[in-house]
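Okay, so chain A shows up in both of these, paired with chain B first and chain C after.
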Partner chain A sequence: MTPSFRRAVGRSGTARATRRAACGVALLFPALAHAARIGDLSTTDLPAQAARFFTFADPATRWALLGALLLGIACGLLGGFLVVRKLSLVGDALSHAVLPGVAVGFLWSLTKNPLAIFVGATVAALLGALAVEAITRGTRLPQDTALGLALSGFFGLGICLVSMIQRLPTGAKSGIDKFLFGQAAALGPGDLLLLGAVATATLLAVWLFHKELVATSFDPAFAAACGMPAAWVHRGLMVLLACAIVVSLQAVGVVLVSAMLIIPAATAYLLTDRMHRLLWISAATGMVAGAIGTFLSFLGPNLPTGPFMVLAAGVLFLGAWLFGPRHGVVARWWLHRRNRERTERENTLKAIYHVLEQRGFEGGDVTLEELARFRRETLGETTHNTAALKRAGLGAPDSASGVIRLTAEGRRRAGEIVRNHRLWELYLANAAHFAADHVHEDAEEIEHVLGEETVRILEQRLQHAPRDPHGSPIPRPEDPR
Partner chain B sequence: MKSETLIPPFDATHVLVDPWTVGLPVFGWIALMGFLVTALCGLVGNYLILRRMALMGDAVSHSVLPGLAVAFLIFGTRGTGPMLAGALLAAVATTALIELLHRPTRLKPDAATGIVFTCLFAFGVVLISLFADRVDLDQDCVLHGEIALVPFESMARLGGLLLGPPSIVRLAVAGLVVIALIIAFYKELLVSSFDPALARCIGIRPGIVHHALMAAVSVLVVFAFQSVGAILVIAMLILPGATASFLSNRLPHRMLLGVVHAALSSVLGLHLALWLDCSIAGAMVVAGCGLFLLAWGVHALRHARRVLG
Partner chain C sequence: MNDASAPAAVPLEIHDLTVSYRQKPVLYGIDLAVPAGKLVGIVGPNGAGKSTLIKACMGLVPSRSGWVKFFGEPPAKALRRVGYVPQRESVDWDFPVNVMDVVLMGRYGKLGLLRRPGRADREAARECLHRVGMLPFADRQIANLSGGQQQRVFLARALAQESDLYFMDEPFSGVDAATEAAIITLLQDLRARGCTILVVHHDLPTAREYFDMLLLLNMRVTAFGPTDEVFTPELLQKTYGGRLTILSEVAHAAAAGNTRRTP
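Let's turn to the complex of A and B:
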């Protein structure tokens, strides 16, 4: 029997052999479950634990919290640029690509020398970034494919190397899995120094090269015209990113470091439209999530820090997603609803105008029945719509006699809407050469959103023409009615 | 099995001959499993590459973890059925959540993908650690399989007929269904991948095609998982299609080339793993990457020759 064959048979034979021989992901998942817990716990009492956390009684807590805050700053700032550059998943690719570097770094020193592993991991991440760049530039493959190739190709190589190292007599307890899945509790002063250095470098770089970073992110053509080396700005960002990922790995691990890059930045992206605010909010979100995650994992005896940080960031993101002032789901729903109601009101006003126009504007009262017949709707619907006009102060329906009379404001607004509609029809027919019977649908949409300034320009372009393509007069808001 | 050197001496009989003679009952199944995973994932992966969804495999394979944890908490067993059901549900939930996050806001799909799978993964880890006394998810759990274990599963039988290891049978059945669906809906997939607007015009609903494709990816990823692991399945999804894209512009040719790539990379990977005595799935990915680089080189050479006349 060949050695591999025997090994394979042995695996199936006993669970112990399976466990020992398991490599790569097989080995890494269970490590996660027990990874990254803070301190030894003497109490299991929640309030007492919370009090211990806030008094910073344990040095482990202090280090872990400081580490989480520094990580939040570095990842938050870098993530801000990644998200606006549509590179969100680059962090994910690079964090997986470190594996062969970790293995080579370990082989190089044959101990758990953190510096060798750090250098190896950073070099591997940079090679991963170069591979992505080479594939996107040198081939027609889209960027996400390039990211996936770099991610899984490097990881496959890494898994081969790790499984070879585990064969070595020194390799069995290499602790590579710990490096990859992070232990916030294991953060020592040395790791914090590295984290602090990377966070400071990131802050400095963002401060010094803010203009270049923003210009190349939003308008690469403009940046190139200004003589900015866009490719080198990108590479500089990748270098910072590789360093940030490698130092963060020790705290949160491979999968979750990409979360700390994306989630705070995406939260900020939904909260603001200004880049500098986005960066601050992103860094702050990262720090808050880091602090909450550290606190939560401190409350129980067997709780990992990284996943709690990510879940805290996820909850903050959910808040921004729901309640962001302009881009949140609730705000957008509310805006949509208000627009729909306004459109509905304006359509009612327009119908009243048409009814009045048909009888030559004699008398200001329109019966609800007339209106319902004109709009081909039930009397109930008409009553509902006219009530909406009353609420907006545009009309005064009289439910007893079943008539509605527009207020002065309502008359002005009705004239404006009909004017917008007919102006746009005329513009489409005259300037865009639409057939006269094809202009109505488009005008139905745009009449509600034409601004005053656009209307002035349209009137000038059309030389204040009196009639629309169908021959109906275009009202002027100053028209007596 | 410990050896003192990192790279063992090359033994031609052991590396090249044995797997196809003495070791065939074992390595035959391993090579077949590697081929099936890579070929089927690669077939579907062609569409993922065209639709710029290459990283959906990444998302799906990570978010399977909470599905497993929840299924274990509910059913209290590591049996194949509940585990697969939990994993599949989690995979479907992932795609739905990604849509939900990016549709109503200005969030880009890639950011939404990154948020969803990392949060789900974190949730899975928290679940496992919160219920560590009850959740016995360990490395010999069905998910974190190892391709070398495939030949030692108790063989599936249909009547008196010996079919093979259950994971191969399962994957083969899923693969046949996926191939049948691809053939039946070839036009719909093609049009909606290249020109969603045209697809809508001729009455194909891109949303349904998208979700069906994601369901196929989820099933394949969940089945493939057991043998190759979370992250390498991404390579199996993308590598065949990406390699074939250098050699042909026609989709059917790319699919066939992808199958050839799958066969070559699984056999070469097996030999590589036997020589280096390392992870077989990892070696298959490394072999696949080698083929990718080779195809890239051929393509670049051809291109250079055309440019230089």
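Let's turn to the complex of A and C:
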């Protein structure tokens, strides 16, 4: 055991949680436990560390942050295309496939030469992609199986090579193991140059070939029929992807780089319905997640960067899932709730209409007691429901005398609901040949969602019939009530 | 080959085209010459290779032998004169694009690399949407369309290609009656403008009504000609009466490399 290796084992106790989270790999590489940290200087005071981060006093911080932003752009843009092409797992497979290449690149130069590792890793990623294509085409195995094969096979080979390197005399000092979970603090000018080049190439490619990328993603057959080189677009995307993965390794590591491809894009997918917006939101999410991850890993000693970036991205995803404006859980719940309340109000209106109808529309006042009896509910419930009508400006309940009178708007709306109900019943009975006693339940739901246009069509179809299948008159909204 | 002397007006010429999928032959020695300005229905049983035929014409699936020419030219040169309506189910309708985006894709072939659709392309796309009655839905996300509306969007995209020869893969499948009528009007309109249209079709009774010519297909061309000449019980029986079992089996075995002498 080399001295530094022994020291690493000794210190690994301080990061037991990290080690436990990655126990399988950490068993192989105890040095991992203190792998990725920014600010090797030993400040443990949180505010002081935060201040150091935001003043960018530390050159390592500047490099790390810039690297994280570039990584966010490249991974976010490419991830957007992976998600819409349903190739998310390809990112995962390629990122695992690069490990043997990293090891070979290292063995070639025996230092952590960014260029040698870049070349080795890119070649390995492309070999991985070719292996997937060969397996998918040459056998009857489906693509996901081919991906799993390539992913695990290459990763296993990579782990073997890396553990070999660890046993070399210079191995333990090399930091080769940092490629598993990333160490943004270790980003040097060489790494940043590569990151910048790949991010620029990705931006350029997405800008120049936007229409080819989108068309081949949406409908590859049509794109090919238009003479677009669909196969080459795919290959180009794979090459860019391999490069992006490789340059991101130093910051987030082999195991988690696929998360930076998938999570920002998935977040964007929930937030928009347009491809170009998806790409920009994805890139922005990647950048924010990268910056937050770098910051958090800076706050304490022995904190790895990659997992924090992924956590930050995960929180952003959760936010989009819960609070997305159109498809978010909260927005949907709110819409559902508002619809339910509206339905409830309309049912109260309808009940008042029925009570009035039963006594031939004499007088506008309905007592709450009458209404409660009609709806078979307690007086408390009726009071609650009529209060909802008041809030919506549809009725004016008088709690002192215990009566409710509908406003003009309330009367109009009540007439509409009853008309919708009876029109729909008549339509079901006449046009769809439902039995008269089968139509009520369906109409109870449809009455709340019929649009004015549909009502016009129904009225025309039914030739403005005056009565529903049960013989009740169908009200006209223009009827003065 | 002396096809240079053949009239360049023949929109589609196929010679001895054989296509196999995973070594299994799907189309065998197809010969065809479709005259200009015709509405041609391609009919045949399931697995007859109807979709494969049009995909092979456009080079979307590799052919094992034979050649295809559009207007006397090899497909790669004449692709811009060819429009395509793929099967509706072939794409993901949750894809984050709206109706306008999809129709604009019809212009991409003409634009070529690096150029973006401009004002003229948008105007053309709007016109195409109008022709299929979908202009009001231009900003709608494609997931929020009915099946018939989706089909109309695909047609609008093909119209935006402004082609002379169209291949359409089951444009009538799963659409409402109104859309079916709208599509057939559109096809007749295209034909009146001199376009040649090949349509994969499933429904025999309407095939007789809709198309000028029929191509009866079942791995081979059973018949090709004017509808009233081809739509006969004998020819239909020949097309639909079972697959060409022996041909299919022998070819399959040969492809697998284990042709055995029958005892």
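What we mean here is this: the second predicted complex is superposed on the first by the 304 of 481 C-alpha atoms of A that agree within 3 Å, B and C clash if a C-alpha of one lies under 4 Å from a C-alpha of the other, contacts with A are read in each partner's own complex, and residues count from 1 in each chain.
The rule we apply is simple: contacts are C-beta pairs under 8 Å (C-beta built on N, C-alpha and C of every residue); 3 or more make two chains touch, one makes a residue touch a chain.
Predicted model only: the values in this text are computed from it and were never measured.
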Next item on the list: Classify the contacts of A:287 with the two partner chains as first (chain B alone), second (chain C alone), both, or neither.
Entry: neither
Next item on the list: Name the contact category of A:219: first (chain B only), second (chain C only), both, or neither.
Entry: second
Next item on the list: Based on the superposed arrangement, let me know which partner A:211 touches: chain B (first), chain C (second), both, or neither?
Entry: second
Checklist line | First, second, both or neither for A:269, with chain B first and chain C second | finding: both
Item checked: Touching partner for A:167 - first (chain B), second (chain C), both, neither -> first
Notebook entry, point to check: So, does A:259 touch the first partner chain B, the second partner chain C, both, or neither?
Noted result: first
Next item on the list: Between chain B and chain C, pick out the one touching the greater number of residues of chain A.
Entry: B
Note to self: By the touch definition at the top of the document, which applies to A:89: first (chain B), second (chain C), both, or neither?
What the structure shows: first
Margin query: Does any part of chain A touch chain B in one structure and chain C in the other, and if so which residues?
Written below: 86, 269
Next item on the list: Over in the complex, which chain B residues touch chain A? Could you list them?
Entry: 1-4, 6-7, 14, 18, 22-23, 26-27, 49, 52-55, 57-58, 62, 65, 101, 104-108, 110-115, 118-119, 121-123, 125-126, 128-130, 132, 137-140, 143-146, 148-149, 151-152, 229-232, 234-235, 237-239, 241-242, 245-246, 273-274, 276-279, 281-286, 288-289, 292, 296, 299-300
Check: What residues on chain A touch chain B, complex-wise?
Finding: 1-9, 11-12, 15, 18-19, 21-27, 29-30, 32-34, 37, 83, 86, 88-89, 91-92, 96, 107, 138-142, 144-145, 147-149, 151-153, 155-165, 167-169, 255-256, 258-259, 261-263, 265-266, 269-270, 300, 302-304, 306-308, 310-311, 314, 317, 321, 324, 327-329, 332
Check: For chain C, which residues count as touching chain A in their complex?
Finding: 55, 58-60, 76, 79-80, 82, 84, 86, 90-92, 95-98, 101-102, 105, 108-109, 111, 113-114, 116-117, 141, 143, 157, 161, 167
Notebook entry, point to check: Where on chain A does chain C make contact in their complex?
Noted result: 84, 86, 208-212, 214-215, 217-219, 221-228, 269, 272-275, 277-278
